[in-house]
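Each of the next two complexes has chain A plus one more chain, namely chain B in the first and chain C in the second.
Up next, the complex of A and B:
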């Protein structure tokens, strides 16, 4: 494999990394930790309250404090902090940072200039204090919100989290479809990986970009056809086991005293954050 | 046969998309508690026949009756008939990935009893019983994509077991299994029949067929039912097996003699001239 790697090698590596990460996340969700032991419904409600607090709070320090609370919860849930922080903050600057960038300048956010970038008779471009504050708020809010969402996913098996969403009165069929989509995404990833490996095993020398494009198009259509065929089979399998258009699910969650305690504490902290930040 | 048939097929033909023929003029009857094998080469229509028996495909021509009632798309729109039929008939798909669509093993095994509207305690009891009988309790929280092929097959069986069906339709149940799991599976099929279930297995495995069937229906590569009989009758008809692509001739050597004839490899070579 070359240092840069061809598109096949990169695709295989990316698929393998995605599968490994999913397995790693599932292992974290099954560890013995603070949030792992919390009833998933309590987790959904309290994390939604914390998300609301992050969105509504107007105090920068309050949002920073909520981020430290998130880190504390991650640490008590035995989530590797380096992995957790990197997972969120390596992505946020690229997306939210780009969105927040214009808000720095006096064109969009007039105010007291702190750094002047361009000065002429007709045009003045500067970073303003108000702009910096707005951009920081945006990046922080998104970062802390994503951290909370990632933490809830890392500490709850996907299937359990989906079931817990029923507390928000999501229709059962919606939850069933989400669960199936997640389950079959892995199967199709494995199939795609096998297709790439099969292609690699028969590739001698370099493929031209045209050949690559044709192969990718053919692979995509094959995968689409496979997934369509699979969906028909799955529907028949559901029918054969009594499915009649309305999915039935079983809720087996039990609230423990510790769920009430932690749920109450986190809700109180979320409320406090909103009140202090306004 | 003597007993009241639970499945009756009369002149059944089936085509996919009106173009590809999968079954031609098939007639057969299955009585309760029978152990039947549908024997045929790949593409002979075995899986399609099982789908028809499971009330998932409906033939373009011919009649299908199940438990004394016509088994049609229209009939299955009646909720009480559909409920009663689905409760009685379980189908094991050839590809376990098709059958295991739930996010965890526990959810998968609970799916059928939940759809049948059983109360929570009964659902939990059935799931636990199925997991225990198949000795897969340790897999309960696992996702299907993280199971081996043998484990997937066991979970797929558990997902039917929790339905408590009277009739088991098994599509190539031992395909792709390692020898130990295959042996376990063959024992399981025999036990199902011993406790009173009707078992219909689609297979092309000649070595296992005398174990899993008391009666065999043979499908030709032209998708016709061309023979039926006991395993002894069918397996001793080399010309039939050769014609249906269920056995083959290959050239081999005995001492100085090199020749070709059809034979099977159950434990060792069985040569008609020995």
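Up next, the complex of A and C:
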């Protein structure tokens, strides 16, 4: 598959990457480690607090310190650090870096110049202190926030995470829909993948862009119709198993002493970061 | 268009959660009215569908490819309220599992893509397609225009949310703490690529899927008329309440006029202004009562903010608070019909 490839190859690559990520996450979530053993409700609360601390902090060093905390937690949770760092920084913060680049210069962020790049009577281009700080703030905040989100997902199986979301007082029916949507998203991803593969294996020569668009529209419509029919089937299946509109969930969590200890420590660190940062 | 955490300040994130919450609440109520059991798998499957459709690369004229969002499409098929939940769920899966879109920024992302987009898209589609035949050409054209406009407006909302950050949140030395670009940069930078590429993809996908469904699967286009929620909605929104809503919208748009008028509103003078107006004495009672209620936002000016912007911000906060209180009171007074 060439790097450029056609739209079909790109879609197949995107779908494959998504499936691979999800499967690898579930695998890591089942390892024995610090965060895997933490009660998922404690994890939801503490990670929200840490996210908020990253977002509230007005000091760059504090955000960096919180990133090291994230790395430490990842290491104690037996997550391969190379994989963790690459997974986080290669996509979203990288893009943010491009977004933040122009902000370095005095055109967008006026302030004290540190490096003057061009100086003439009419035009003056320099990197400003304020520009450097704002760009660093943006990239660090995005990177550390994504790290925290990814870390909590890598150490919690999806089904457990959903149950833990109840602590935020989300209505049961939302959680039911969320769980069902996640499960069927994979089925539909597989279906879409087969459609793309089938099309690719039957194509000889070049198709025009218009033909390709018509084909994409037809596949999207077929997938839409499939989703609808599937939902009817699922409804009948739920009905015949006695579903009456109320979602029930199995299993309850019980807090261990270590949950109190770690939950308390992480919350205290988040609070400390907020207090020091403002 | 998925805003990651770090671009918006926590305060802005809270405001956006507050903006999206009434829509989530109302949507869940609407869905409850229409047999919970049947809607659960329907919404779940459409959420899964919109998650998958965001992964389709669509070839554009000229050789590039782009991604579609699909919110307008889901809104046309399911109606806007069910679409609010379906797309929010798809966004939640993206944010929680793949780090695509922030968790604190989830409210903002939902407001842009799961509230603004389906409502704008759905009503433009309904307006253009009108009472036309199911096979009429007006439907795919309407859907394409709806997709184009809805995504562009959602992008505009995103740009404004970004663009407000540097005015509102700065460090002491002038360093913007969150998204660094002001409105004059953020709006053109967001709108250019969206108007030229992303909205075109959205229009192509929405229009051509509706055209395809016209040929092979017309019943799917009639789903909204079958869902009883729609019938109820039409019964509830009587012409009179609609006029009230339009009136409110006009008043809100006119509100910035207050920026142009000099002086204080007639009859709303404070003690000092009375003295300036040439009044020799201040009624003692007025002077005494003047300090009894310190307003949270005195003179509608938020400290540390450009006066005009502060005024607009106060107006927005005011409208939201008033609507919230009205809505709470009306909920307490009017008993809900018993659920089916």
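We adopt the following convention: the second predicted complex is superposed on the first by the 241 of 278 C-alpha atoms of A that agree within 3 Å, B and C clash if a C-alpha of one lies under 4 Å from a C-alpha of the other, contacts with A are read in each partner's own complex, and residues count from 1 in each chain.
Quick note on the criterion: contacts are C-beta pairs under 8 Å (C-beta built on N, C-alpha and C of every residue); 3 or more make two chains touch, one makes a residue touch a chain.
All figures in this text were calculated on a predicted structure; none of them were measured in a lab.
Under the clash rule set out above, the superposition-derived model of chain A with chain B and chain C shows the two partners fitting side by side. In the superposition on chain A, A:75 makes contact with neither chain B nor chain C. When both complexes are overlaid on chain A, the residue A:242 reaches chain B alone and has no touch with chain C. After overlaying the two complexes on the shared chain, residue contacts for A:234 are found with chain B and with chain C alike. Look at A:184: by the touch rule set out above, it reaches both chain B and chain C. When both complexes are overlaid on chain A, the residue A:217 reaches chain C alone and has no touch with chain B.
Looking at the superposition, the partner that touches the larger set of chain A residues, chain B or chain C, turns out to be C.
Of the two partner chains placed around the shared chain by superposition, neither chain B nor chain C is touched by A:83. Applying the stated contact rule after C-alpha superposition, one finds that A:158 touches each of chain B and chain C.
In the superposed model, A:135 makes contact with chain C only, not with chain B.
Once chain A of one complex is fitted onto chain A of the other, the partner contacts of A:30 are limited to chain B, with no touch recorded for chain C.
For the combined model, the angle formed at the CA centre of chain A by lines to the CA centres of chain B and chain C equals 90 degrees after rounding to the nearest 10. Once you line the two complexes up on chain A, you'll see the smallest CA to CA distance from chain B to chain C is 8 Å. The intersection of chain A residues touching chain B with those touching chain C, taken from the two complexes, comprises 158, 180, 182-184, 187, 230, 234, 238-239, 243-244. On the side of chain C, the complex with chain A involves touching residues 4-7, 9-10, 13, 28, 35-38, 40-49, 51-53, 55-61, 63, 65, 73, 77, 85-86, 89-90, 92-93, 95-100, 102-104, 171, 173-181, 185, 204-205, 208-209, 211-213, 216-217, 220, 223.
Listing the residues of chain B that touch chain A in their complex gives 51, 54-56, 79, 82-83, 86-87, 89-91, 93, 95, 97-104, 107, 110-112, 114-117, 120, 123-124, 141, 143-146, 159-160, 163. Taken in their complex, chain A has these residues touching chain B: 23, 26, 30, 157-159, 162, 179-180, 182-184, 186-187, 190, 230, 233-234, 236-244, 247-250, 252.
For chain A in complex with chain C, the residues that touch the partner chain are 6-8, 10-11, 14-15, 18, 21-22, 25, 48, 51-52, 54-56, 58, 88, 91-92, 96, 100, 102-103, 108-111, 129-131, 133-135, 137-138, 140-146, 149-150, 153, 158, 161, 171, 173-174, 176-178, 180-185, 187-189, 192, 209, 212-214, 216-221, 223-225, 227-228, 230-232, 234-235, 238-239, 243-245.
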